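So that we are looking at the same thing, I have put the structure below in structure tokens.
The letters A, B, C and D name the chains in turn, as written, and every chain counts its residues from 1.
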């Protein structure tokens, strides 16, 4: 059990790092997705199913979707300028 | 092991701040902000965690079995919704900024000063 | 009667929230003006409710436990299951004052926001509910929730005009304050990890019995960083000049009048109730916060003097006065609390008035630039009188609530440096407002100095609003600010001792210092308005040397959100080092 | 400042903060051995006091119900703000034409795809409702279920395209849902006051253990939150999607 928690913690630290170093927002969206999936896993392991549930629903689905739409809108704006 | 969780919290906070400070794009900066936010999730859940305890949901096991702290979980739930709302608001602002200024470069966007 | 008060206390939050949600549900179908009327009526009702609660609370705090989860239910000592609202006279008075400023702002904004379905009023009511909750709550996480709701409404209202600068200002505001609130959440988590409770009073008791502990000190630092960010204390203050300068004027009235001061009020309550017994934190407050306050008062004053964009000028003057309020907080005695409460009200009234005048100028002349507006204000001279009087009050006119408050801050007593900071802050901010008023209304001139190179922009606001409707709330607020402070003397005394019972050692008081500050307020703009173009060589050198510190400050206030985050971290590190070096 | 200067300032600052953090880390209660009396007491008392099996839900909607009201207000506030910001001058109506990123291929949807999307949208929505309703019993609740139900609408967009999406989602209705959900919560808090109880006091019968109706007032609050969350996230998605549309005809002049 202990090594599982440790592994999940290290993975969340690494995926957070990944979000920061993905300087291109388009890549960053996927890093964000990965980060929140890892976090959701960590929350499951930390005995917080409620939280993991909402992490998956909000931060892996809705928020990246909003990011993608925003990026699409920005790209469209660029094209129209 | 006992300090690993707290080190991860400090790392996530620090790395998020580093990312924001070196960011050259509003959208990227918003992503880094959410890394900072995730540090608080890990901190809160880490505080409530208890070795060998189950989830605070007494459906499969009877009330009275050891369970982790439900209060911090309620906090994190609040926190997640807040962060999603904040992200949406920031993205909306960033979108409008891009419409008006045509750039999202943090180095060039300064209120009340003309675009360089 | 007390039972009734206990029953009515939660309505301070539930009423505005309920009305906001009702407006939201019906927004699409509401006839025009309904939202204006409803919002105004309910903010006045809340003034009455909170004022009444304040008078009731004089006999002892009114405590309401949500869901009837009073501490007795848990059956264990030091375990509080639920969340309580604890209404002491000071909190209720501050809440009532917030509602009053909202009412004034609603009158001022009449007809300003026609376009969208009542969105402005919904956001404002949520904002007000958050402020009242922030004042009343006695639970740390609940405090965070109201703090966050307050921020969220504020972010949205800043971006409302959808102009370039307001969007960027709102972005800077949102990012810095969001980071601040995450720090606060981390602080709450640390305190919860150590004390196992969130109730202010219980937590205070546990901390009083414990040994000095880095976890508790760290928790305090993180929470203080968030509250100081909201209260715009150097070096957390950068966002304020961007946000206040570009927000719509009725919103700036709220921001400068009450929102930023509330951050300090929250800090004051936490220090008084939770951390008063912790020696290392009190040392941080007495030394660290004191010097931050001094720096804030001086930097704000200098920057205010160096502005030409009127709302930006007022924003920096707000920063300066917040520094003075922080000095009152850092004294941690009942004189300081008294000074803080009076200052909060006095400054809120004056600053609200000034932002409304700025709004009038913006609505009339499509500009907010002191140099561009030169001499144009003659047609609206009543506004000029109001502005001049408000500037004098800001600079230490020996009359009214603000003067009484400054006197108390002086008396709270802590050496020479704060006294100088207060003099510099009041005189420079008052002088800046007077200089602008004299240029805009009677059209006095003088060669512009450093203000000439400061950032500015053309702005627009809804124009076809009657002048008298906009002037009415200004005049009312200014009239309240001019009331003799003796009227509320006994109330503020009781309210202050209700929070902190320790009194200050009697000291000389600041009569001479206030006189000096007032003299400077008159002399500085006079000297500036008589200034000639520097032709001689030595005069040019002198002028360049004079502008040097201002130019350096201008460079520091760069407008980039990335820089602001660096400065926030610097502030946090300063607090950590003060704790370490003690 | 340039990035280089920012880093020059930031590095020593982070070193100072790092040492402070180390000190805190070393004195924090060690991981897995919490000192949080509050949470432990809730675990022992909540099942008996409230007859619900999900202690997190009982904290959210009962013990700390006013927190959740604040949180819901925050969500509604942010969504109202985002809607207001995104609409700007566009108003409530949509734009006629899809925005295109130049050089990107565009493919026709097949009928099978449309059908599958509609099926899955329905199923996902029902699943969301299920999660909302079982909030007091199993993991889940108004927030999680509401988000799931709201995200099912995006499948409609994927399948039916923009016109179907616009025909099925009306922004005034969504906003009204938000308002009604919030108002219901406020009423749950205020109505007990009128009868001399505390705000949010649970005066309804508590129901049966592990039953859909367990926890009294909590059930109503849970549903109210679910409604508000569905409304707000759907409104948010609707307005964001609208940003990918452009007005017909020549490029509108933005004042830059």
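Quick note on the criterion: a residue touches a chain if its C-beta (ideal position, glycine included) is under 8 Å from a C-beta of that chain, and two chains touch if they have at least 3 such contacts.
This structure is a prediction, so every number in the text was calculated from the model and none was measured.
**Student:** Quick one: which chains contact subunit C and subunit D both?
**Tutor:** Of all the chains present, those in contact with both subunit C and subunit D are B.
**Student:** Measuring from the mean C-alpha position of subunit B to the mean C-alpha position of subunit D, what distance in angstrom results?
**Tutor:** One centre to the other, that is 15 Å.
**Student:** How many angstrom between the C-alpha centroids of subunit C and subunit A?
**Tutor:** Averaging C-alpha atoms per chain gives centres 36 Å apart.
**Student:** What whole-Å value do you get for the distance between subunit A and subunit B if each is reduced to the mean of its CA atoms?
**Tutor:** 10
**Student:** What are the residue numbers in subunit A that touch two or more other chains?
**Tutor:** Within subunit A, residues 49-50, 54, 58, 62, 66, 70, 73 contact more than one other chain.
**Student:** Where does subunit B touch two or more other chains at once, residue-wise?
**Tutor:** 1, 4-5, 17-18, 21-24, 39, 46-47, 49, 51, 55-57, 67-68, 71-73, 77-78, 81-82, 85-86, 88-89, 91, 93-96, 99-102, 107
**Student:** Got the subunit C residues that touch at least 2 other chains?
**Tutor:** If we look for residues of subunit C contacting two or more partner chains, we find 141, 145, 148, 152, 155-156, 159, 162, 190, 192-193, 558, 560, 562, 566, 569.
**Student:** Every touching chain pair, please?
**Tutor:** A-B, A-D, B-C, B-D, C-D
**Student:** Help me check something: in the complex, which residues belonging to subunit D touch subunit C?
**Tutor:** Subunit D residues touching subunit C: 1, 3, 6, 9-10, 13-14, 16-17, 20-21, 23-24, 27-29, 34-38, 41-42, 45, 62-67, 69-71, 73-74, 76-78, 80-81, 83-85, 87-89, 172, 175-176, 178-180, 182-183, 186-187, 189-190, 193, 196-202.
**Student:** What part of subunit A is in contact with subunit B in the complex they form?
**Tutor:** 1-2, 5-6, 9-10, 12-13, 16-17, 19-25, 28-29, 31-32, 35-36, 39, 42-43, 46-51, 54-55, 58-59, 62-63, 66-67, 70-71, 73-74, 77, 81
**Student:** Can you list the subunit C residues touching subunit B in their complex?
**Tutor:** The contact residues of subunit C facing subunit B are 141, 145, 148, 152, 155-156, 159, 162-172, 174-175, 178-179, 182, 185-186, 189-190, 192-193, 242, 245-246, 309, 312, 455-457, 558-562, 565-566, 569.
**Student:** Under the definition above, what is the set of subunit C residues touching subunit D in their complex?
**Tutor:** Against subunit D, the touching part of subunit C is residues 7, 10-11, 13-14, 17-18, 20-29, 64-69, 74, 76, 78-83, 116, 119, 122-123, 126, 129-130, 133, 139, 141-142, 145-146, 148-149, 152-153, 155-156, 159-160, 162, 190, 192-194, 196-198, 213-215, 218, 221, 558, 560, 562-563, 566, 569-570, 572-573, 576-577, 579-580.
**Student:** Spell out the residues on subunit D that touch subunit B in their complex, using ranges where they run on.
**Tutor:** 2-3, 6-7, 10, 14, 17-18, 21, 24-26, 28-34, 36, 38-40, 42-44, 46-48, 53-56, 58-60, 64, 67-68, 71, 74-75, 77-79, 81-82, 85-86, 88, 137-139, 143, 210, 236, 240, 243, 254-256
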